[in-house]
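Take a look at the structure set out below.
We call the chains A, B, C, D and E, going by the order they appear; numbering starts again at 1 in every chain.
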Amino acid sequence: MSAPFQRHRITPWILMAPQLGIVLVFFFWPALQAIEQAFYVEDAFGLSREFAGLVNFKAVLSDPTYYQAAGTTLIFSLAVAVGAMSIALLLAVMADRVIRGARVYRTLLVWPYAVAPAVAGVLWLFLFDPTLGLISGLLGNMGIEWDHKLNGAQALTLVIMASIWKQMSYNFVFFLAALQSVPNSLLEAAAIDRAGPWRRFWTITFPLLSPTAFFLLVMNSVYAFFETFGTIDTVTSGGPGGATTTLVYKVYQDGFVGQDMGASAAQSVLLMALVGGLTWFQFRYVEKKVQY
Amino acid sequence: NTQITWWHAMGGALGDKVDQIAADFNASQDTYTVKPVFKGNYSETMTSAIAAYRADKGPDIVQIYEVGTATMMAAKGAIVPAYQLMASADVDFDPEGYLPAVTGYYTDPEGNMLSLPFNSSTPVTYYNRERLAQAGVEEIPRTWQELGDALEKIVDSGAASCGLTTTWPSWVMLENYSAINDVPFASQANGFEGADARLRFNRTAVVDQIERLTRWQDDGRFDYGGRFDDAAPKFYSGDCALMMASSASYANIKENADFDFGVAPLPYDADVVEQANNSIIGGASLWVLDGLDEARRQGVAEFFEYLSSPEIQADWHQYSGYLPITQAAADLTRKQGFYADHPGTDVAIKQITTGEPTENSKGLRLGNMVQIRDVINGELEEIFSGDVGVQEGLDEAVSRGNALLEKFESARQ
Amino acid sequence: MHYRRPGLDRLSHALLAVCCLLFLLPVWLAFTASTHTLGALYSQTAPLWFGEAGWDNYRHLLSGSVGGLGTDVLTLLINSMIMALGIAIGKIAISVLAAYAIVFFDFPFRRLCFWLIFITLMLPVEVRILPTFEVVADLGLLDSYAGLILPLIASATATFLLRQFYLTIPPELVEAARIDGAGPWRFLRDILLPLSKTNLAALFVIMFLYGWNQYLWPLLITNDADYLTIVVSLKRLLTSADGLVPWQNVTATAVLAMLPPVLVILLMQRYFVKGLVDSEK
Amino acid sequence: MATLRLNGIRKRYPNGITALHGIDLDVGDGELMVVVGPSGCGKSTLLRTLAGLESITEGELTINDQRVNALEPAERDIAMVFQNYALYPHMSVFDNMAYALKNRGTPKDEIRRRVTETAQLLDLAELLDRRPRQLSGGQRQRVAMGRAIVREPQVFLFDEPLSNLDAKLRVQMRLEIRRLQKRLAVTSVYVTHDQVEAMTLADRLVVMNGGHVEQCGTPMALYEQPATRFVASFLGSPAMNFLPVTAHRGGVVLPNGNPVALPVAIPEGRAATLGVRPEHLIEATSMSDAAAVLDVTVEMLEPLGADTLAYTRLPGLEEWLVVRLDGTHAAREGQRLSLAFSVVNCHVFDSQGARVPLTDPEAQACQ
Amino acid sequence: MATLRLNGIRKRYPNGITALHGIDLDVGDGELMVVVGPSGCGKSTLLRTLAGLESITEGELTINDQRVNALEPAERDIAMVFQNYALYPHMSVFDNMAYALKNRGTPKDEIRRRVTETAQLLDLAELLDRRPRQLSGGQRQRVAMGRAIVREPQVFLFDEPLSNLDAKLRVQMRLEIRRLQKRLAVTSVYVTHDQVEAMTLADRLVVMNGGHVEQCGTPMALYEQPATRFVASFLGSPAMNFLPVTAHRGGVVLPNGNPVALPVAIPEGRAATLGVRPEHLIEATSMSDAAAVLDVTVEMLEPLGADTLAYTRLPGLEEWLVVRLDGTHAAREGQRLSLAFSVVNCHVFDSQGARVPLTDPEAQACQ
């Protein structure tokens, strides 16, 4: 559609100004600074600053803990996405079945989305507290020793569970909406075409959900990438032994805790490139393949 | 009225005490108001102070733990050295009045005191008398070897599900272990003699010590309880019969443990030394960040003078378990009969003043030590959880730590 | 189409009910724990039922200066509220205008503006957290509501959503308005904004939650307890020098921190779902 | 090859709405039965009960004399073409057509053969790899047909399959469906609300209204002898003119007072309705056996080309009297016309809307 | 009260598409001019340039002899009725109608008076408080009309205002629009792609194709003497039959080889098209002055009630030959018919599609 208001010259700029201003000041300026900073070495107090070329990048890329964080991020994102999505799909399918209760169940399941990741972390930390946690206690009685302060796998599991708990409702809302928008006539056509309920789900409903599923995969990964910072920080602070340090957490840790501005900026730049690339990839390629 | 902000890391009962000290100072005069702000644990306090400094929003006074000392010392333009501050403010300040073990740590090679020691500690052993009695342990073990036997008894008798735990694992099990047993933690007298110091603990008795702990972790004699003070509840709850922790844990243990407990020195390793060396300092000192005006400088100086007065120091020492920083405070405490009334409260001061400090027991002066601690803690966690072997883990800790040291060194040049 | 399979239906109900309860469990435990004293808490594993100290705990938190925070939780709630509202309203305000310009006007560099704004969709504040901190520090906005709010509205999510909505407005509607003598501002006021009401409500819910739940950013830029938000305060409360987490305070604060956003989501569920689902398009 | 028999089929939805009030219907082997009626009259419901998509509340449905009430849709061996086509959007045209065969476990070769054949028949061979959204409306319609045909079912069901197409395409597809159905000779039930479509497609036509069958028969039978006023008004375009009349002396009196000599058996003085189709109103001059002459004024003219519709005013009648004139007729607006109609073209309905037969045997015979 | 004059109007969209290639048109005061043509021919574009919603690339537009090319829509004093009505969904019917007046600063009382009056005129008085979505399609349509009328503009523009209505309502609203337009006597331009609507509504008709005007005139003039093959095929339903013919000895030869004695001026041997409307193909027996007789086979019958369409096959012709028979005709599928047509009903088009006039003065006169 061609724009209806064509003769106005100044009005659009007045309209654009606030958003453009904020984006330029709080997005582009920092982003450019990050890029600049990545080429400098600076001491903690910002008293001295020296151009260092690619030193920061080399250091980051030769740091085994950086790769550990990348691996953790991958496992973490996948586990959260797959976990939150499969639980949500299962629940949504059941809620969709029981037509009448669907809205009630949505109400009962949707609220964890409103809980801040940091709060979710605290809630789950409490459940697994070594002295008073309910679940750690139960596990202890079953002979499973729970010690997320020492056991990296358990720590990661805990953070993943808290993140799934919070994220599930988001996926549930989408899956339920998607399920409810699968045209009834398609399922009827399939029934007439001799497909039983199970086959109908896998050959009709599920493929029709796949755009939603793909979208959710992206959103869940983004969530796991960025928004779980609060969960990680409250539950494990990235430990034990870096087992729950994700790339984003590492940017924070190296920059704010380690006071290594250059390394942190270099990681920021790498992360921006990574996320930008993934987004581009998503827009360009994958989305086309799963859209109907 | 001039406001002075003081960022500190004293939580729990100690935090309340800090608030009270500030309130008392504010009440004692009406020119200055000191506003204490709790900024989380030591590491959080330090990092937020640095970040705030960079943003020109730094506090006037910040409490930095001993580990951050080298970093702060190196930040020449960012701090106001205590001796200069006191001198320019024209208040009474006599570095000689401080305990040598303490001042030594916070003075530059020229002997100038750069920060004001406020809460210095050293680790000690706390024991649960009831559990020990239950297990039939009568003598408080003095060596790690004796300790091993005692812990075995405790665990085997079922008196406690865990024998020993520790707070601040690197500080207690590596840094102080090295000092007491006179092995180098790092080269160059642990950094006192040059910025080119490198970590050494992967090639000393520390390896055996960590191997011992790993074994104990498996058979229940030892239980890792997390970084910082996270392990303390295991002792409060009676799960662990012994805990190695800062002398300053005294106040909290007194408040939270509903059993009879005792304080003992850290054991030494009979396989390594005949006799224990002195332990090294922990806790924190107060640093003044640059950028304050004349009035506030004056205020800070007067507050420091107030803090160093024997009455305040003695009270703080007795309440918290931190060392009496000045000779006067120690004397006053003794005079008040505190040690006699509260047996064990002098263990720390005795332990840290045992004998003549060797080059392995003067303390640590390593740049980026905050981050190095993180590295060590991370590796310890992996070792205790069985993810890596002891030697392997310590090697890794040393090489990553050395990288940080190199970085620090090169940034200084 | 649904074949009637009563057995399956009952199984579904049962499973759903169990899951609803499971999802509630962490909150339930936090709520019960928040009504016990610290001593009572540490004498057992987390209690499943309420204790006696609930009233005192909450009153203490809301009115007194809480150890470790240096302020009362009521202040934190107010700060969170200001931040959440500021972000929601600010973001919506600038987005309404920018999306309007992009969709309904023809001007030089329109595409460039579009991309400048939409590129921000890809990169959340977390990846450029340090430089953003420095910029905000340079602008002297640390420890201020503006500092809490402005950087977080520098993203295009709302603009994007509104643009999608504006694109669905039939062009004839604009044309009818033009023939009826309405200029751009009048069209915005008389037609576009009234039509966007539900979308704005949906956006409001989403943005309010986004703002309320922020963690890293307020964590970094607040040193002064007067600007601390309730979500960030939890970590502070968890840190205690004696290693004894004051769980009764932590859980109570967590409950308080959850209450407003959960209420918003439950009361405005219709808009929330719409807001979420719209963002898919 | 199948016959379909509906015996007193009733359908009550869970929400209490009774959509079908006892439908009796026989569909012969190979017959194309069209069900037509206004929106909401229960056409789709009827079709869906036949398909097994809705349960039957009461009555019996047999296919080839076998009771199928309780069978699942898949077991009835029927195929259905939906109004919105209900093509599987994520499958290619080929897969759409092959889906039912796959579900039945038909061997791959056989599937390929049958799909290809059907595609050829429907001129879809080029499109087999496309997705439904890459097709035009008419092509989608054909794929939907193909999907039904390829299964070689016993019965075809169509639910307004053409209503999503534009007028031109609709006419074209209508011809195509008719040709195909004749060629395959599969028993079919076709639902539509468009009377033109109904008339032109049907072997037999069922007119439904409010869940009841109003009349069933061949299109021309229904057009010429509508059993009810509803059927009379529903079929034919422009619609039949209705004049309220009163029985008087063995005839009726028109609204303008004119008497018409109609042999109807209505009690004296009782109100009735007289129906005359627009094409049966002829200028009085050219008519010999006129039952009555109406003097009307032309209010509006609609030239359609071949014909011109005149909307005329008859004194005493509220509605327009619509007259179909020849396209070359020189009528002008405002002009007065004398219109006549003959008895054989009269339809009389009583106050309940039921047809009242003419008593004059001759006229009767003509109808 | 206005006249509208278009002088060589060209419209080129920014994307390079030229939608109008120079349109010349005069619309007289109070005239209802209908623009008809297939989708994409530029009808809407034309209307939108008149409204001022699109700029004019070239040419001149005058209203009452005043050039308005550069005026904003609001300044042209026109009103427009959109296909989807474009009612403001959040405003009541009253506010929808009042909006333009409000923007113009009309006093409150005056607004109320005018809206109420218009509502009465359109039978909307009861609905003034409703929102558009609470209205039926027909009611919405009337509100859209009302919104245009209440402003008392100089010109009405209609862009397919009836195409969203169902068939019945469309016929009804069409009559209503025509009545209103005559009553208000406001100069109007009405765009549609439906030839029936165009024929029945227009004072004059413009047939457009590909951005050009094909022909302009009264509906019957265009129906009877289409200037191009396009116009001939576009108007009339069922459409005109076209037979490819070759000029031969002052007449033409049909595809089946039969010669037709047609006085046309086409060079010997040149191909042309002969057009005959379905209603002009008559059974040979009942025709005296036949120009030719065609022997065809009925392939399919579509009974429409009054008429029956026969789709017949003429040897040598690929398409069906459509014949309109009387509804009472007893034709059956497969039957053979002899069809005849007279010279006066013939249309001949050359290979460019332009009409070729008959040279025989008598036949000429008849046309």
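By our rule, a residue touches a chain if its C-beta (ideal position, glycine included) is under 8 Å from a C-beta of that chain, and two chains touch if they have at least 3 such contacts.
Labels paired with UniProt names: A = sn-glycerol-3-phosphate transport system permease protein UgpA; C = sn-glycerol-3-phosphate transport system permease protein UgpE; D, E = sn-glycerol-3-phosphate ABC transporter ATP-binding protein UgpC.
Fair warning: this is a prediction, and the values are worked out from it, not measured in the lab.
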Given chain A and chain E, the chains that contact each of them: C, D
Set of chains whose contacts include both chain B and chain A: C
Contact-richer chain pair (by C-beta pairs counted) among A-C and C-E: A-C
Separation of mean Cα positions, chain E and chain B [Å, integer]: 95
Whole-Å separation of chain centres (CA-atom averages), chain C against chain E: 57
Cα-centroid distance, chain D relative to chain E, in whole angstrom: 28
Whole-Å gap separating chain B and chain C, where each centre is the average of the chain's CA atoms: 41
Multi-chain contact residues (two or more partners), chain B: 51, 54, 225, 230, 233, 237
Junction residues of chain D - those touching two or more other chains: 53
For chain C, residues that touch 2 or more chains besides their own: 1, 42, 134, 175, 178, 220, 235
Chain A residues within the chain D interface of the complex: 183, 185-186, 188-196, 199, 203-204, 207-208, 210, 292
Chain D residues touching chain A - in the complex, by the definition given at the top: 51-53, 72-74, 78-80, 82, 84, 86, 88-90, 99-100, 103-104, 131, 133, 147, 151
Chain A contact footprint on chain C (complex, rising order): 1-3, 5, 8-9, 12-13, 15-16, 19-20, 23, 25-27, 29-30, 33, 41-42, 44-46, 48, 93-95, 97-98, 100-107, 110, 113, 116-117, 120-124, 126-132, 134-136, 139, 150-151, 153-156, 159, 167, 171, 174-175, 178, 184-185, 209, 212-216, 219-220, 231-232, 234-235, 238, 245, 247, 250-251, 254, 257-258, 261-262, 264-266, 269, 272-273, 276-277, 280
In the complex with chain B, residue positions of chain C that touch it: 42, 67-70, 133-134, 137-138, 142-143, 220, 223-225, 235-236, 239-244
Complex contact set, residues of chain B against chain C: 7, 9-16, 37-41, 44, 48, 51-52, 54-57, 59, 167, 225, 228-233, 236-237, 249, 251-253, 255-256
